[in-house]
Amino acid sequence: MTSNIYYRSIFPLVGILVILIAWQIYTDVFNVSRVVLPSPTDIFFATTENFSQLARHAWPTFLECVLGFALAVGIGIPIAVALSSSVILNLTLYPILIAMQSVPKVAVAPIILVWFGLGMESKLAIAFLVAFFPIVVDTATGLNATPTGLLELAKSLRATRWQIFSKVQLPAALPFVFAGAKVAVTLTVIGAVIGEFVGSNEGLGNLLLTANSQLNGPLAWAALVWLSVLGMVLFGAVALAERFFMPWAKTASH
Amino acid sequence: ADELKPVVFSLDFIPLGRHAPWYAAVEEGFFAEEGLDVTIIPSQGTAQVMQAIASGTAQFGFVDLPGVVLAQAGGTDIEMISVNYQKSPYAIFSLANGGDVQDIAQIEGLSLGSGAGSITPKVIGGFMSQNGLSASSLEIVNVAPPARASALLSGQVPAIEFFVMAKPGLEKAAKEAGTELRTFLLADNGLELYSNGIGALGSYLDENPDVAEGFVRAAMRGWKFTLDNPEKAADHIVKNVDGLDHDVVLAEIEVVRNLAVTDDVKEHGLGWFSPEKMKTGVEFVIDNVGVDGTAPEAGSIYRSEFLPEPAILP
Amino acid sequence: MAISKERARCGPVSNVEPFGDFKNIEKRFDLGGGEYLTAIEQLSLKLEKGQLISLLGPSGCGKTTFLRIVAGLERASAGEVRIEGRAISGPHPDFAFVFQQPNLMPWRTVLENILFPLEIRRQRTQAGIERAKELLDLVGLDGFESRYPSELSGGMQQRVALCRALVHDARLLLMDEPFGALDELKRMEMHDLLLSIRARTNVSVLFVTHSISEAVYLSDVVAVFSRRPATISKLIPIDLPYPRQHEMRYEAQFTEHEREASRLLGIVR
Amino acid sequence: MTSNIYYRSIFPLVGILVILIAWQIYTDVFNVSRVVLPSPTDIFFATTENFSQLARHAWPTFLECVLGFALAVGIGIPIAVALSSSVILNLTLYPILIAMQSVPKVAVAPIILVWFGLGMESKLAIAFLVAFFPIVVDTATGLNATPTGLLELAKSLRATRWQIFSKVQLPAALPFVFAGAKVAVTLTVIGAVIGEFVGSNEGLGNLLLTANSQLNGPLAWAALVWLSVLGMVLFGAVALAERFFMPWAKTASH
Amino acid sequence: MAISKERARCGPVSNVEPFGDFKNIEKRFDLGGGEYLTAIEQLSLKLEKGQLISLLGPSGCGKTTFLRIVAGLERASAGEVRIEGRAISGPHPDFAFVFQQPNLMPWRTVLENILFPLEIRRQRTQAGIERAKELLDLVGLDGFESRYPSELSGGMQQRVALCRALVHDARLLLMDEPFGALDELKRMEMHDLLLSIRARTNVSVLFVTHSISEAVYLSDVVAVFSRRPATISKLIPIDLPYPRQHEMRYEAQFTEHEREASRLLGIVR
């Protein structure tokens, strides 16, 4: 157990350390401009100098991510259920969903601003739009992959659609749902940043843009680092939830 | 006037040092004195300001003349009611050990990092034609704004096009790279083209002339305050916008001063514009940028009745 | 018990509608590419209320398929399936199916798996939980309530599936080789358990097995299937009294029935 | 079979038609400016007028998508194998992958331009970066979800790691892999557009940007429509491949 | 055949190293939360080269677990597992396992499933394919080569799994209730098939079954397991000559063996 914790923290750190060292050497040896790619030490100093600022801006971004993710799950799963429960819905909805997915969100941001205003809503809408698709696709795939034996058991008991879904298909699809959720949660980070680019006065995305426009490479990269840490934290939370909701699964990985 | 009227003002970009005057007007209470509660929102370039105004998300915006011409051709009735950048901010940057662009003749045959479909290359092209150079010799390499400085500094392109406000930052980066920055401001080399000012929907102006008048007056006072007290103005914006560097803001204010304060302005006041120059500007845009749809009349582009009386001199 | 003894006599007791009436059932599987496999052909069978009929037949002849048709999980290609006079269309609420595979949910503990049918019928009560635990006891799985299926042996999983079918009072039990993975002792215990439940609840049973002695021991009637395409080659009424006793297995009448079934299945002694 | 084809084409069209009509009515009734949201008819005319232009620009974008997707699959699956085959690799690599995933690609575009230049390579790099994560996560999940019975069969035969992977885990994981691939292929469209935003003179993303900066709403939206059609086509190709590679799966859906 | 008859006598033929030597095997499962389940305790068994030992025992006692330990799929908590004198660590290349579940790959056709072991050993030759088809014939599945497992009945799947284990020449066959889902006729055919293969290849076999008569019919030795925690309560040498004949099933010696095994399993007649 203790060796487990040791394991679980030492290797990620080693991996990141190796990258940081390589990065530092690269910037030093090739004398890369700080505008192009600041070195890890530059970024570190930018982080400590602007710590309170970064922390302050991390909060709204974090909120946008969490709520956007909740929306993606809350809307994505019912959509997946609809898709997998009826061929007609599947055929009718899928093209629309794909269209929504493959359109660059930056390009439709203005109309989202018009519909959802300048507040949190528009950022949530974008975070949702960016994140919902993996949940829909993975969940729908999972629902369709339910072992036929279990489905027939439920059918033989005349389970209702809802019962079949909630008691058989959903638990059976959980590995898929969580795979989708893991992808989605990292995408919400990107979605939140896009939302902040488009119209916001706060958030890490905003800070990133400001720093970038001032050619303040170290601060911009500090914001990027925070964003990736945010991504890792959110991913970790989903992975934890997976363990919690799937206690029967022996987690070989993660 | 404890009941302030809420008004949204959209910048042309995210808030940077060049936008200090607007924040000064808010922080110094100039807007409030006109009975306005102004919210400043960022945007991502011309298209978004226009969309914000056209959709009513913002009542006023910091729009540029070419953008207004295109927007009107696209079926909106956005009009300009002040001109703050009397000179266009279009600039060509290069490094002393790279493109080293110091003279207009050097633009010919230049490979220039610019935005995809951005109107700037077309403006430069028009400017070249005016000066007897071959516009088609200009090679445009599409580099997104966030990547443009990197492309220049890493030598991917010999020159880039940017708003002149990028000068302080680029200068610093160039120095760090052991070379020197060359700035070629088109407006200082003969380009006569109004650029950004306050814009709003014609229909809105018809219904809210008082608001427009108050807004412009307060904004011009903000400009004057900023030009007179750059340090204080910088404080105001830095307080409002995280990530801004005080020194960079100050440097940008100085760059903007060069764009905003011309002989015309010294005579007629901040925000003023001449109908003739507007007309040549509109024609320049129609000839060189080209419009999709029906080209607007020069006269429909602007209204001067909201400029402050008496004029606010710098 | 008295009732059970009464019912024990095979064959149509009265002329009223039988509980289950299966007429000229046919089942063809489309294998794609224009190929078809006829699993069942012209199969007819009557099941009286409270009767226990065993289905014996070669592997792959169509026993499971027939059970699935009765359960409403599969549509017959032709023929009529009537329960209490009404043609069925889809699963019946009062049937319970013990599948050939245990079909346990890996994410539910043993007890939760057994309670599944009660949940589906919104009858998950304290009494139901008690009953589930009692059944676990009866099949020899006390102490395993909160284990997951992956921690059980094959035979234990099969017993859990059995408990799941017995946890609610079904009117027809469809059992597909339910004791195939059990040792003989356990199997004999299960025989008595099944017969006592039948006696108590008067449930009708269709019971697929490969064990001739099991079929004879349990049934009112043994239906011997032919090879594929399956049809019933003979109905053997078992005229042994209920309650059945294990000693009967060595009685002449019993072995005579066994011998007849063996012969029909092609086993020459 | 014929009714099948009828089915499969009629419902998507109905779905899209309903949306188009609602859209047309919305723009007409609220008199929405063409700069903000052009109506379907505006977009239709813009499409017919600029058809050859759109077609010309669709080709490079299509290429970027296909090659970026190929990269994402070609690199993502081996990464997933590495992740699922060793706890140490899993712990070391995952945080780095998540960091790469949750960083907005536009923000790292400068360094990508420096490394990959202004040609096709940088676009492919971005398309890859955008698309690889769903493939990695889904494939890794799928590899870990291989039925233990089959794994033990292979182990009892002393199959090599590679055999276990290629003959057991991968086929068993195919539903997961395809779910990931479906998400990834739509993301490559976005990746290609971002790549074109960052530095390119051709492609639908480029055309979109041009139209946008000229405030030519109808043409911009025409480009968006083409992008979503591109997304649908690519998604459909993956769905077809799924059927082809998984003939044993009875496709209830799609 | 001659060899097989020779080998038919049970018990240690010589004093040389036995093929398999299992000493004091113990297996505890960690159930989490400080709980443990001891499945096997102090189990010792010797398997001679070419010998066929059947394992009989109550459901859930630990037979599958023991087979898995021998196969190298599970580690014993204590004790020694030696094959030809060498302690095993992991699966042996020359073993074949027939699992309690068919474990067929749903994405492979019947034939491709059977060829799987040959593929793993890079021996997928034309001869191998011929052999696979021949085996399919022998188990009565000709014509099903290109079907998918989902199109087969339970017993047919089990037969495919059997073919898969027989397609390469293993030196030890580990069979976990391989004929459990077959009808008696098919089962008897399979018995003869297994014995003839054993006679031809001199393969050693560990055979788990619940059928006492099957155990007696097939084996040199029947090992009767106790209830969990499993240990061997008795080794019954079966002194019937090979080749076994079906008539033997009714001979006194045979039934005497059956009776002894039954008694040990707690079945009182």
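Labels for the chains are A, B, C, D and E, by order of writing; each one numbers its residues from 1.
Just so it is clear, a residue touches a chain if its C-beta (ideal position, glycine included) is under 8 Å from a C-beta of that chain, and two chains touch if they have at least 3 such contacts.
On a predicted model such as this, the values are computed, not experimentally measured, just so you know.
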Touching chain C and also chain D, the following chains: A, E
Set of chains whose contacts include both chain B and chain A: D
Of all other chains, the one whose Cα centre sits farthest from chain E: B
Centroid-based (C-alpha) most distant chain relative to chain C: B
By number of C-beta contact pairs, the top two chains: A-D
Centre distance in Å when chain B and chain C are each reduced to the mean of their C-alpha atoms: 84
Euclidean distance of C-alpha centroids - chain D vs chain E, Å: 50
Whole-Å separation of chain centres (CA-atom averages), chain C against chain E: 29
Per-residue overlap in chain A, given as positions that touch at least 2 other chains: 35-36, 106, 110-111, 114, 212
Residues of chain B engaged with two or more neighbouring chains: 47, 51, 55, 146, 149-150, 154
Residues within chain C bordering two or more other chains: 101, 150
Interchain contacts (touch definition) - all pairs: A-B, A-C, A-D, B-D, C-E, D-E
Contacting residues of chain B [partner chain D, same complex]: 45-47, 50-51, 54-55, 67, 70-71, 73-76, 115-119, 140-144, 146-147, 149-151, 154, 156-157, 289-292
Of chain A, residues touching chain D in the complex: 7-8, 11-12, 14-16, 19, 35-37, 83-84, 87-88, 90-96, 98-108, 110-111, 114, 133-134, 137-138, 140-142, 144-145, 175-176, 178-180, 182-183, 186-187, 189-190, 193-194, 205, 208, 212, 220, 224, 227-232, 234-235, 251-254
Footprint of chain B on chain A - complex, ascending: 33-36, 50, 53, 56-57, 106, 109-111, 113-114, 117-118, 197-202, 206-207, 209-216, 219
Residue ranges of chain E touching chain D (in the complex, touch as defined): 71-73, 90-93, 95-97, 99, 101, 103, 105-107, 116-117, 119-121, 148, 150
Chain E-facing residues of chain D, complex: 147, 149-150, 152-159, 163, 167-168, 171-172, 174, 246, 248
